[in-house]
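Going in written order, the chains are labelled A, B, C and D, and every chain counts its residues from 1.
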Amino acid sequence: STSTESSSSSSGSSKEGKGIALAYDVGGRGDQSFNDAAYAGFEKARKDFGIGGEDVEPSDGESDADKVQRLTDLARQGYNPVIGVGFAYAPAVKEAAEKFPKTTFGLIDDETVKGENIANLVFSEEQGSYLAGVAAAKATKSKVVGFVGGVEVPLIKKFEAGFVQGVKDTDPSVKVRTQYLTQPPDMGGFSKPDLGKEAARGQLDSDADVLYHAAGLAGQGVIEAVAAKDKWVIGVDSDQYKQKTLDKYKDSILTSMTKDVSGAVYNLVKSVHEGEPKTGVVRFDLKTDGVGLSDSNPAFAEMTEIQDAVKKAREGIVNGDIKVKTTP
Amino acid sequence: MKKFDKDRLILALGGPALAIVVAVALTSVVLIASGRSPVEPYALMAEYAAHSDIQVLIVNQAATYYLAALAVAIGFRMNLFNIGVDGQYRLAAMVAALVGASVTLPGPLHILLILVVAMLVGAFWAGIAGILKTTRGVSEVVSTIMLNSIATSVVAYLILPAQFGEQRGNNLTTGEIPESGWFPGIELGAAGEIYGFVVVAALCGVLYWLVLNRTRFGFDLRATGAGESAAIASGVDAKRMVLTSMLISGAVAGLAGMPILLGDAHTYSLDFPAGLGFTGITIALLGRNHPVGIALGALLIAFLDKASATLDYNGYEKEIAMIMQGMIVMAVVISYEAVRRYGLRRQQQKVGEELAAAAAATDGTGPENRKEVSA
Amino acid sequence: MSTTLTKPAAQQSKPTARRRLTLAEWMLVVAGILLLVSAVRLITGAHGITSVGQTSTALRLAVPIGLAALGGLWAERAGVINIGLEGMLILGTWFGAWAGVQWGPWTGVVVGILGGALGGLLHAIATVTFGVNHIVSGVAINILAVGATRYLSSFTFAEMEGGTSKQSPPIESITQITVPGLSDAMRDLNAQHWFLVSDVAGLVGGLVTNLSLLTIVAVAMVPLSRWVLWNTAFGLRLRSCGENPLAAETLGVNVYKYKYIAVMISGGFAGLGGVFLAEVATNIYLEGQTGGRGYIGLAAMIFGNWMPGGLALGAGLFGYTDSLNLRGGGQNVHALLLLLAILLVLATAWAIYRRKFLTAAVAAVSGLVLFVWYLSVDEVPSQFVTAAPYVATLLVLAMSAQRLRAPKAVGKSYRKGEGT
Amino acid sequence: MANHDIHLSVRKGTVHAIVGENGAGKSTLMKILYGMQKPDEGTITVDGQEVSFSDPGDAIDRGIGMVHQHFMLADNLTVLENTVLGSEKLYGIGARARTRIKEISDAYGLGIRPDARVEDLGVADRQRVEILKVLYRGARTLILDEPTAVLVPQEVDALFDNLRELKAEGLTVIFISHKLGEVLSVADDITVIRRGTTVASVNPADVTAKQLAELMVGAELPSPETRESTVTDTPMLEVKGLTLTENDPVDGARTVLDDITFTIRKGEVLGLAGVEGNGQTELIDALIGTRRPDGGTVTLGGEDITAWPTRKRREGGVGYIPEDRHRHGLLLEAPLWENRILGHVTEAPNSKGVWLDIKSARSDTERIVTEYDVRTPGIDVTAGSLSGGNQQKLIVGREMSHNPRFLIAAHPTRGVDVGAQAQIWDQIRAARREGLAVLLISADLDELIGLSDTLRVMYRGRLVADADPATITPEALGSAMTGAASGHLEDEEPGPARDGGEDR
């Protein structure tokens, strides 16, 4: 038996790139969240640049070694860039990047691992969430708003932190109710809309009238519950007002905190395609429009008071007057 | 007696071989039904697994599975269903990582400390189920299921930065274990590194066999599994036995996280693999609780796991391997049972026949000719 | 010699029939618990613990667990352990959604039940015909179900508009009803936060608000199972297979047939539970949606002493604590600490009365610990809130497991004509 | 082959007895008649009509009912449920059935409570439920497979009265028993089966019990009679004030052993009579150490062993021939040599230190197989594939190999044929000569009286009577077993063989 490595180590990524490779984290494609967003960027890049691509799902209970193998396989086959979707890929990207110095590795949501050929695509979710908090504090009538997080992990706590700060800075008298659906490593909180629905109902019952969710698929349950009560819900990741599966509820979707994973993937591919691969930390924040607040709901766009407040907050963050915390 | 043994060997090998053939055939039927090639996936997987780095991956994974399966098998040998291996190894790995990251000791001592902590924590968590069973009569099936979920919560709590964990980027970890606590691996150059813990796992298998088959304690344990009431009457303290084997099972479960922790990750973080315990159950079943059988089972499942990655690159669904896993398990357990029954019946018949022949030969009851019969 | 041999024996030669709680006693117990809960609510101000929403969420969360538990009941009453419930639940979600998307929710219900029953059939073939260890077969079915549904999804849902390989397109929802006047009246009453009255109103209100028709069907299955199993000839035969199959065989009962039927019904119930998850709890199929509810259902059944009423209680407990946890968990579970501490004090008293001092000591110490915990924090960390239902189950089992009694021949392999 | 060339014809309205050694094939034959097993060849004719049964349901339809050798009752169901099971069409499963059960019960004086749970019933009641089940189905032909094995003589008499009543109504009864006296008293015809085939049909008036037995065995009948006394003055086992309460979580405490006091001396066999379920099992458990008594002491050779765990007791010289060999004596799926280790794993030749000594254990198993005439092709076959008698011989051999000082022998010859029976008796006698103290518990009163030096009767957890085996009759013993008599039975001669006073 031969080592797959030795047969190809000489080639590295020197052969003409086969295109982009995406390696997903738990949830994979179809999570209606950032895996899907990454896929959207991937598709767009493939189309625009006329290149090939491969996207691969993880398996349950895999270890770092499996992730390393996945990235290695992809790099060896000649894909460039190879993007690990999610912070869980950090150790794997580090290892694979050393083996394939000529391949660019994208790593989403992590900046702890650095390398010459590693692009850390990170987002300031707390900034976008701050704006969501501002909007919520302005929109609430009952002076109670809610946050529903899928799984209680630091990433989601960033959303919570920004949201809470946004609310409190806008109107300290508004109460924020926080609810997480599951605890890690039970990632079910991102994929169980029924839990989202019941949690949202609980918050609505305790008078919350604007809910912000960061719960992936489970968020669909949140949106459904809120729509049933005719209150406001703030979507997450992509502009959920435009999401087809949520068409029925779109009138209740006040706005969405967008996180441009798609753009991040697209831009990385673009940079590689143009022969000037990005490396190091590439931060997507309010300044770069990597995160933001959508206003595709016309009702929201017309709420001038809120729009003003949001705009002001955005400026404050961009020029550094407002520092948004990343932990609650 | 040789006759019986040869029979037994044929029966022992025939069962699983037949089962795998059946499982492969059934999977092929599924493939054909869904309009795919019924053979190509196997060829792809075999080809992929021929690479030495994949083989290293398989062996490393198998070591982890092996330990989890041994933990389950210890319980199985005395009719205890330790479904809680999952929670036990996760909690154990987490606490062991915490301890390992917070001390500095000379190499072997550091590793030893981590292992001892892992075994103690695993044993402790399994011991709760053991105590509930022996003192309160709570079925270990239910209590270990509950304890799995509770372990999740405990880990989630302990790993908070406010408690013992630290946040690194978007991940929560226990902090990195210093290099003195890393288990040295076997470097194979480009193919990668085989966890040194593979050797430990193998030693555990030997120890398992030795204790079970060659010691008084092992005899008591097996006797309890084979007939609890007979074992009690023979002087086994069944309650203590339940507790002891639960503790041992938990301690071994505690080791299951170690190959990855000490050989690769060196820290427990949110993405530490979960679910090994359930795979362990599957493998213990496949291996019939026999140390060699379990090793083969672990390799088989690890092969399916790792080699199936190639299916994705070639337009097949990885789930094919999973279906095959399910089919293999089902087919294997059915064929084991069929073979076991067949064996028993055959033996009874033989006993009957030989005795009848003996009786006819002497037309009496004398024991004189028995020796010949058994020779 | 001695002639004083026969004093009238103090004890009976055989124990008298097992004492069971009468209906009146049950009512007293329930009333007592309600009083206690109500008091705790007033002391702690955690009004959420008996609100209408709490109850109605608890009901919805309890239904799939309860259906899985019913599945467990049917199989185990016929002597077959069914740890494959999780797999059958998964089959139920997939088949239910697959048919539901295409032909409407009620067809989905039927097909989902059939999907679960298919899993049951497989389990029956393995355990009844081939005599495979029941747990072993169940574990195998769980693996198989996950693999099969994933595989199937990749060329069914993935090719449908709005679906992916992990998710089905939305399914039309099943009608929900709310008992008009009653629901609102109860809600108002509940909002008053009166002692006891509001708690009862919360309970009743929760049971009449936002009820899916499928919930009603599911709840009706509990008394229906009870009736069929204990009041019909079919049920008697089925149970006899779980108690003493050999005796049943000698009376002309076709044990294999009843076991097959029972295990398939068992799968059917789990399948229905799966459909409920896919159609009522949410309106899509999602990979991993069952999340171990099959195992929990099994626990609920054991908790309920292999009786329909008991398992409903067990499922209710899971639903209730889960619901607490999802509806502002920290504060509510904090209140539960006090409730638990009080219950443990009562348990201590009872144990002392029964002269079981070790038990009493354990209960007293745990009670004290809980009480101190209650006083020292305002909210239970969310990590522990998640664990509440499991801890509660363990506690209750630890206190009551010795009273439980499984069907006598459950888990034992039975071969026709091999009896003595 | 269990049966071959069976010829049996039973006249209507008679009681037809079938006798034969253990394993002769009686039960197998009956199961064939009842449709539970299928014959390879041959015919069955009922009322002149040839029939073929594929399951018991067919036989029931033909008016055949069977009471099995072992109870076929679901403990957790009520009497009513057990009765109507399978024949729900007759009278439903509710009130009509209850009425019908009461009718039958009254008509035959069975005294049945339809709503009692079977687990709460005693053996005699269970036996009556079994008969009720058959009558409820309107059987015209009743097969009773050893219905008297667990009954005391008075209960047997009551049962026979029932049988005669049935016969008077024109019902046919096929009756299997090993107790030849019973057979001769109740049967109209007798068929003898040996090695699976019918060897004789006799008229009870024409044969004696001895002749019948010789027909069964094909040889002369052994007797358990013990002639010389080997009782010494040294106490080996002393039990004082042993009390055990059972803690039922539902019913609360229940006394199952009430102040049991007795002494067994070296070389003495103490026979314990009693209907099953009167505390014998619990007494054994307390002596072997699997249950902690609530009060009292057990002394072995002067050492207080009350607190000793089972293993230490066994190491200390307590041998145990359990009443249920499958559940307490053997690992059925383990080979013989492992079964030889069972119970003595800490003793030579089975182990050295913590390690098993497999080689010695195996060779010692070979020795036992030879010395105790265990019929087996080798020591690697599973215990489960041996016949019952040979399993029992293996157990006896194993226990005797460790030179016990005190032996608990519970039904040592139950289910064992006459040949093996004699061997086991011999072995007990031989060990007794060397100073072994034996506690013998047996339902076979002849065995009990024949083998014992002293007799005690246990009733409701107490020792209520004692008797001298030299003078006592089974009937007198039986009446004490039902609680009808107490104290010293036939007390004309207190005798030095008895250490008086301890049972009050």
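One rule holds in what follows: a contact is a pair of C-beta atoms (placed from the backbone, for glycine too) under 8 Å apart; a residue touches a chain by one contact, two chains touch by 3 or more.
Bear in mind that the values here come from a model prediction, so they are computed numbers and not experimental data.
Student: When I count C-beta pairs in contact, which pair ends up with more: A-B or A-C?
Tutor: A-B
Student: How many angstrom lie between the centres of chain A and chain C, each centre taken as the mean Cα position?
Tutor: So the centre of chain A lies 37 Å away from the centre of chain C.
Student: Give, as an integer number of Å, the spacing between the C-alpha centres of chain D and chain A.
Tutor: 75
Student: Could you work out how far the Cα centre of chain B sits from that of chain C, in whole Å?
Tutor: Distance between chain centres, rounded to whole Å: 30 Å.
Student: So which bits of chain D are touching at least two other chains?
Tutor: none
Student: Can you list the residues of chain C that touch 2 or more other chains?
Tutor: As it turns out, chain C has residues touching two or more other chains at 383, 386, 402.
Student: So which bits of chain B are touching at least two other chains?
Tutor: Residues 152-153, 156.
Student: Hey, which chains are touching each other here?
Tutor: A-B, A-C, B-C, B-D, C-D
Student: Under the stated contact criterion, what part of chain C meets chain D in this complex?
Tutor: Those in contact with chain D are residues 1-6, 9-19, 231-233, 236-237, 239-240, 243-244, 246-254, 402-403, 405, 407-408, 417, 419-420.
Student: In the complex of these two chains, what residues of chain D are touching chain B?
Tutor: On the chain D side, the touching residues are 288-290, 309-315, 320, 322, 327-334, 338, 341-346, 351, 354-356, 358, 369-370, 373, 375-382, 384-386, 419.
Student: Where on chain C does chain A make contact in their complex?
Tutor: It comes out as residues 48, 51-54, 57, 60-61, 162, 164-167, 169-170, 277, 281-284, 286-289, 291, 323, 326-329, 382-383, 386.
Student: Write out the stretch or stretches of chain A touching chain C in their complex.
Tutor: It is residues 28-32, 152, 177, 179-183, 186, 188, 191-195, 197-199, 201-203, 205-206, 217, 220-221, 224, 244-245 of chain A that touch chain C.
Student: In their complex, what parts of chain B are in touch with chain C?
Tutor: Checking each residue of chain B against chain C gives 30, 34, 81, 83, 132, 136-139, 141-143, 145-147, 149-150, 152-154, 156-157, 160, 278, 281-282, 285, 317, 319-320, 322-327, 329-330, 333-334, 336-338, 341.
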